[in-house]
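For clarity, chains are labelled A, B, C and D in written order, and residue numbers in each chain start from 1.
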Amino acid sequence: MRTFRLVIACPDRVGIVAKVSHFLASHNGWINEASHHSDDQSGWFFMRHEIRADTLPFGIEAFREAFAPIAEEFSMVWRITDTEQKKRVVLMASRESHCLADLLHRWHSDELDCEIACVISNHDDLRSMVEWHGIPYFHVPVDPKDKQPAFAEVSRLVDQHQADVVVLARYMQILPPQICQAYAGKVINIHHSFLPSFVGAKPYHQASMRGVKLIGATCHYVTEELDAGPIIEQDVVRVSHSDSIEDMVRFGRDVEKMVLARGLRYHLEDRVLVHGNKTVVFN
Amino acid sequence: MRTFRLVIACPDRVGIVAKVSHFLASHNGWINEASHHSDDQSGWFFMRHEIRADTLPFGIEAFREAFAPIAEEFSMVWRITDTEQKKRVVLMASRESHCLADLLHRWHSDELDCEIACVISNHDDLRSMVEWHGIPYFHVPVDPKDKQPAFAEVSRLVDQHQADVVVLARYMQILPPQICQAYAGKVINIHHSFLPSFVGAKPYHQASMRGVKLIGATCHYVTEELDAGPIIEQDVVRVSHSDSIEDMVRFGRDVEKMVLARGLRYHLEDRVLVHGNKTVVFN
Amino acid sequence: MRTFRLVIACPDRVGIVAKVSHFLASHNGWINEASHHSDDQSGWFFMRHEIRADTLPFGIEAFREAFAPIAEEFSMVWRITDTEQKKRVVLMASRESHCLADLLHRWHSDELDCEIACVISNHDDLRSMVEWHGIPYFHVPVDPKDKQPAFAEVSRLVDQHQADVVVLARYMQILPPQICQAYAGKVINIHHSFLPSFVGAKPYHQASMRGVKLIGATCHYVTEELDAGPIIEQDVVRVSHSDSIEDMVRFGRDVEKMVLARGLRYHLEDRVLVHGNKTVVFN
Amino acid sequence: MRTFRLVIACPDRVGIVAKVSHFLASHNGWINEASHHSDDQSGWFFMRHEIRADTLPFGIEAFREAFAPIAEEFSMVWRITDTEQKKRVVLMASRESHCLADLLHRWHSDELDCEIACVISNHDDLRSMVEWHGIPYFHVPVDPKDKQPAFAEVSRLVDQHQADVVVLARYMQILPPQICQAYAGKVINIHHSFLPSFVGAKPYHQASMRGVKLIGATCHYVTEELDAGPIIEQDVVRVSHSDSIEDMVRFGRDVEKMVLARGLRYHLEDRVLVHGNKTVVFN
């Protein structure tokens, strides 16, 4: 069912919900799902509505125009999206296939509502799997001595494919600051630890060294500071002394897949609102 | 902070939220928390608002009167509660102390917002623990050959203490149908299995016989049919071949405590809406 | 690293471990992993050893011969397996691809240590995905009016491919009793509920009707009684009133995949010992 | 049932299990439970046996003497304990009662097999609750300008009560290095975060600032470095944007209670072996 998603953040005050819901009701809009959050600490208010498109008398452009005065009145940061305009996703990976294969299968079986524009990798290993799905594969090797040309090419490909979202599905290169800035709020990473524990390289080795009894994975937006961006989703799995690092890596793969798939889904469904370095996730 | 909680269920249609939120905004009511749910299968709509009492120009009685026309217009099943009028809870237990001790401690440390009117038990074992908390304890033995007098006394005590809620905290007697009917929607039980598995007696033995790998507990409203009422909350814990029935009982106690405490909390905070044999839990 | 796995069940008594470990030590066998379980209720003892093959002076046949007298002395039900002789797996599926795709990817990325002999399906939908992995695909349609020929063909294919294990990866047909008997202890099913709740068809619909707050999946050996065989592994995921049946199906797919993959892995690694209708799982 | 627990750590080599199990079998010892672990990284071997005392021909002293030559041969770090000699526990707390009340109730209902020698607190708030259980309560205020006298008194009390274990049940003071050293491996702390995240003060505030989606608790042995000792047990609970710091504190209390109770139980049952800064936990 086609819906419009109205996503709003603004300073909290009396009357916001009344105004927005009156607007929707006066146009006969049927609300499938509504979520609100008042943040006491910041004094901001967040809301998301999912409205049946066929009950409204206008399309998304007319909606945007009609709603603009309310948005202005309440100083809203807002957006409205149409489920018929599928988000375009660029996937990036390196050699490890589990996250990529998982996302591709979810997309292939209509579980993820998006278009996958292409896959970019610094290795050529996963080409055949990707191409079987009918998706273009770009091999952009990264020269460790001069990474700039590779990232220029990555930027060019992302732009050319008009990506709404870039997903680092275990892409083992650190994006340069200019890319982080250019696509702020649009690059999703899966880090293979329960952040803020074990930032950076080889988190399972770090976890084994520290002797933790649970390991995890974190899906977050990429910012310039490594593994420090707003967290969308996390999960953990129990480990014990009898689990080697290899076992942890294996258990971890399953957590990574699940956490990334959930995080991406929330993003695609406009369920994630970033405020400062934190997220509101209406799931 | 004193709040009013407005809890509504009604047939779904356009304009409900607009009307309710307009009513609240027009009286300057500050909404701390708002939750909505449209149930596609039943065609019903459910909502709960938590409103700062000090922002409203009237008390709960005037609210009730002012809101009544809206409630009628939309055929609402509704209630409004005032956090200053604490719900009165009667706890019932038998010999096992873990759920009772857990609830008493949460109440004692101000985690559960209610008054505990009294404890009723068919045994005298837990008297000292209860009385240390300054709560009256009534020992009402149940004669297995004629249970009627005991349950008449239980009814009398529940009425006399003006209970809003009765909590069966591992009370090992089955309530007779007339009590189930008289207090429909007001009696909360903790069953020591993951319902609908293992209804009735000795669920951990049943679980051990079946060789399940997780055991659980279920908090539900009591109805005439044993262990079949609307479920409020459930949880599970992992077990293995190496766990004896005694181990399961021990693990299970922790799950029972947690699930009952969460379920009771949801009820006390007016977060549970019963519809048919299912619940909407705005937690 | 090549290992031998020695798996033993026998009536419990003093001296079993001493005898077995003396046997291993006297042949200089290096034990990588050892697990024991004494079952008080049945009076049986279970053990599993994983021994480095390169530390033993003989191969698996000579091991079998040398160990036989001990096995006889203690009335052991036992087996020894060699990790170099990979188990042969036949996968069966219908239209839903998630479990099949998950197992194929794990196998493809060397996470599952087995040979996948072939895939049998009553539909032709998944052929291309399977064949991309280089695995033969057999489409054996089941005539609802006369299922016997189809199951005769299934039996023939399983035998022809010398299957050690048959995995029902959401194969939506009930196997006839003669197949259940012929491959007792060798057919693994994933049922999409937390057994013993919601046996049979449409368990997510049953779960939605009952209003449970967690849904699950169960990996078990197939026996003649539907969904009643020994349980290998189970897990659950939280749901709420806001989740439709479609949401449950979607959440459930992830649980099904994980539970089946874990259950199959335990089986392939000889970690599962069936005793009566229960399992010992040395994981 | 009275058992002896034989707990061993030693450099790994062929024949350890054979030797130990032969020793036990030759004295007719019935093994209730046996656990082994070979640590590839350190090259050490760990084992724990629980043996029915009534099947052995001697008491614990004679056992110790008879076993000593084997221990020497294999350079074992080892101990044997008798379940009839209950461990003596000193509990320390400050103002928050949840962990203390939880442990006292478990002890009171015979779930924790130990003697509680006394409770020491830097506040007097919890005296009545403790004394209701018949346990001595010592109020040892800590002068922030000169903490030394308080910790001298704590040391004296711990020694006087012949404590085998000291449990910091949300004791909000940092123990001085000399106490950490004097009772190395005997002081158990519960830290209210998922370590190594959020070391030190106000971890729930830190967690809220970082916007994590799970919060946790960690039970560990106290060492001189704050919150850095060997981890015994951890667990987490899901939180969301809608949870305030107060909600996190409340959820956290339940995780803290559970994790501390499990960790202490493992310690009391001699299931924890410390090696370097990590633990082997045979649970």
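FYI, a contact is a pair of C-beta atoms (placed from the backbone, for glycine too) under 8 Å apart; a residue touches a chain by one contact, two chains touch by 3 or more.
As the structure is a prediction and not an experimental result, all values here were calculated from the model.
Could you compare the number of C-beta pairs in contact for A-D with that for C-D and name the larger?
A-D
If contact pairs are compared by residue number, which of A-C, A-D or B-D agrees with B-C in over half of them?
Overlap exceeds half of the contact pairs only for A-D.
Counting only Cα atoms for the centres, state how far chain C is from chain D in Å.
Spacing between the chain centres: roughly 37 Å.
Using mean CA coordinates as chain centres, what's the gap between chain A and chain D in Å?
41
Return the residues of chain C touching two or more other chains; collapse runs of consecutive numbers into ranges.
33, 242
Which stretch or stretches of chain C touch chain A in the complex?
My answer: residues 33, 97-98, 101-102, 105, 109, 111, 132, 242, 250, 253-254, 258, 261.
Considering only the defined contacts, which chain D positions touch chain A in the complex?
So the residues of chain D in touch with chain A come to 37, 39-40, 46, 194-198, 210-214, 216, 230-236, 240-242, 244, 277-281.
Show me the residue ranges of chain C that touch chain D in the complex, using the header's touch definition.
For chain C paired with chain D, touching residues are 14-15, 17-19, 21-22, 24-26, 28-36, 38, 55.
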